[in-house]
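Structures for review follow.
Across the two complexes that follow, subunit A remains constant while its partner is subunit B and subsequently subunit C.
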Partner chain A sequence: MSVFMDLNIVNSHDKNKLTSIIETAAHLGYSTVAINYVIEPQKKKQEIPKPHSVSDIFEKFPMVQGKSTPIKVLNRLTIVASDASHFRPTNDYKLFDLVAVYPKTEKLFHAACMTFDVDIICIAVGERQPFHFKRAPVNGAIDRGVFFDISYTAAIRDSSMRRYTIANATCLMEVCKGKNIIISSGAEKSLEMRGPYDIANLGLVFGLSEGDAKAAVSTNCRSVLLHGETRATASGVVYTMKKPHTLEEQIEDKPASKKAKTETA
Partner chain B sequence: MVRFKSRYLLCEVCVPERNSLQLLDERAIHHTLRAAVNRAHGDYGSALFNIGVNVKYLNALTGVVFIRCRKAHYRLIWSALPFITHLEDRGQTQNVQCFFNCIHVGGTIKTSQKFLAQYNRQQLHRMLLDCNTDAEKQHVRRALLSCSVGNVKREEADDEEGSDDDDE
Partner chain C sequence: MEEPTTFERHVYKNASVYHYMKISLDLENGKRSFSDAQFKQLIISALKELYGEVGAAFPFDLLKFDPSSLKAILRVYNKGLVKLWSALTLLGSYQNEACAFRVIQVSPFLLALSGNSRELQFGESLTS
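After this line comes the complex of A and B, so read on.
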């Protein structure tokens, strides 16, 4: 049994809604979920929201179905970009575990695949994809380890949206041949979540093969997380963190010079 | 002689309030499935649905359903399940919001039943974590000890009799 992840749960200000979605996800067997903060910069000069600390949501995280570990909650930022200036890598992005971009034009899609420092590229699910997927950028994205995200909630809500989702997904599959795809929920209500096995089977409708469809909810998501970690660190090799305070007691018997350092730090 | 091979989809019907599970009946589930398959796969899907798909078992207390399909096209039926958002019944005016979560796919009804017993036991273990008082904990522990496949069989037989009574 593999570890399932759902990397798109739409953030809402209603805390009860969020908790009920995460509880449902744990019940369905997802080990990791990501709360998605969507920003559309074209409206006005929009501030990038600070992610809420995940420990605020729950005092005790619900246990995952069939496992003895609590569910892991991450933060994800999605930038809806219709102009090249909308994606400005700033320090604000580093607060999020994952960064996604939803390109609206072909030029931006190309840039997102080849140059942008992101983990996930979203494709349109609620409307017709306004451009064709070209082989060069998609292959570039696959080489760089950037993943394409299909969210299925739109398909559940409405019949015409379902057509768009399936059409866009099939177009993408023709180009990327089932590689580097993740399927996520995009749920706003707990009733819009679906079980991981159902989604793996739904992947067949999107034109994925059996193995690729299962990878789209499990191993590919793990690759996304690892890619997100390398973005926050120096090539995934070196990273810095604050020293936890509990260590101070343990190093009492260390030389005096070292002890003095930790106290000033 | 080769037998017909089937697949049994063991699905859990998730509803926002547990009380509404009592409204479930096999006909409503069957009708909902038929409508969903028709919406997702059109006439072809409906044709395949008419041969070999039936609702074998329904537990209205835990919301568990066994759906039997032909092995050749169970994936087609299964791929329509995520698109179910509410139960459709011709007689009832109220729509129960729900979704289907497939927890197991089995080749025989026997293995599916074994899985279900194990799954329900797991649910009791999960309940144990949420218990606040000692009395509750004792209650769940007793329930855990009392469930084995033999007992489950008897209980299920009782349940089926019960649901038959309800239908009449």
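After this line comes the complex of A and C, so read on.
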């Protein structure tokens, strides 16, 4: 059985808020969450924030309900792109475990699906999707292993946004046939989180089949993480790390890195 | 030699026409007093918001309600489970106060709700 993940928790400067959301996520049964840093480039050159180290948030990560492992916290970057110049692969992106793009125009959506080196493409939830999903780019994204992200918090907050979320999601399902979808929270408060089984059920409302809906909170999320890893490494085959200083550390490090790989693989 | 025990496997298909849900209501400002009628009205309004009049007319029962912990057991026809569940999921506020329904357990058998394997507390000897 695959574990549940929520790959979108909006980053906030208030640390207490973040801890309470992550604690709720662990209590609801999510094994992995990703803190989402959203940037909206205004100027040509936009600073990319450095992700905070996840170990700053907790001394000891809360235990996942029903499991004896602590919750895993990742960092995710979302770029709201309304112009082609907004997405430029720089080394700053490599600091994040996941990179997502939210294309505002059809041209950018096409580019994001076919060429951009990203893991996730976000779908509009707070407004009507300004363009139609075409089969060619969506299929291209599915072939490349890029996933589409629908966040459900907007649907909880407001009834018109709920309409947009469901409408956009159903439009997308028509084209992608339920493949390569992840459903994430986008929560800013702990009360906006919902349990993984609730979301699998919500997937049915979005037009997914039962199996696809469950995959949207579990196995598909795992694929996203693996895709994120291949981006940081050379196709996931070779990757570089700093050479440890002492021999002892080296011996200790190697099995640890291997373990980390088999864990996620 | 004794013959090995043979097992017989029974698979019940559509054994029950109902599904039972154990839910609890989380409110932003802590607990407040609810009557069972108010609680059911809240669920009906959630159904109405998402599925309209037809959704609001859908039959389901509030079997048990504990006003102190705001936990309840619902009984619903299999057909309406997805609708009721999604309506509960997408409910975000009650009288302008943020709230959330936590679905604790869902089962076709009422007896299954008497215990929750996810909340078992093991002794020190078992976990260490």
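Assume the second predicted complex is superposed on the first by the 239 of 265 C-alpha atoms of A that agree within 3 Å, B and C clash if a C-alpha of one lies under 4 Å from a C-alpha of the other, contacts with A are read in each partner's own complex, and residues count from 1 in each chain.
Note that in this section contacts are C-beta pairs under 8 Å (C-beta built on N, C-alpha and C of every residue); 3 or more make two chains touch, one makes a residue touch a chain.
Everything numeric in this text was worked out from a predicted model, so none of it was measured.
Superposition of the two complexes onto subunit A shows a clash between subunit B and subunit C. Of the two partner chains placed around the shared chain by superposition, subunit B is the only one that A:Met63 touches, whereas subunit C remains out of contact. Legend: residue contacts after superposition of the two complexes on their common chain; A:Asn168 is shown touching neither subunit B nor subunit C. Residue contacts after overlaying the shared chain place A:Asn220 against neither subunit B nor subunit C.
In the superposition on chain A, A:Leu191 makes contact with both subunit B and subunit C.
By the document's definition of touching, both partners, subunit B and subunit C, reach A:Val205. Contacts of A:Thr32 after superposition: neither subunit B nor subunit C is touched.
Taken together, the two complexes place residues 28, 65-66, 152, 155-157, 159, 162, 191-195, 197-199, 201-202, 204-205 of subunit A in contact with subunit B and also with subunit C. Residues 26, 28, 49-50, 82, 85-86, 88-92, 98-100, 102-103, 106, 117-118, 127 of subunit C touch subunit A in their complex. Residues of subunit B touching subunit A in their complex: 14, 16, 39-40, 75, 78-79, 81-83, 85, 97-103, 105, 122, 126, 129.
Looking at the complex, you find that subunit A touches subunit C at residues 28-29, 65-66, 68, 152, 155-157, 159, 162, 189, 191-195, 197-199, 201-202, 204-205. Interface of subunit A with subunit B (complex): residues 24, 27-28, 63, 65-66, 152, 155-157, 159, 162, 190-195, 197-199, 201-202, 204-205.
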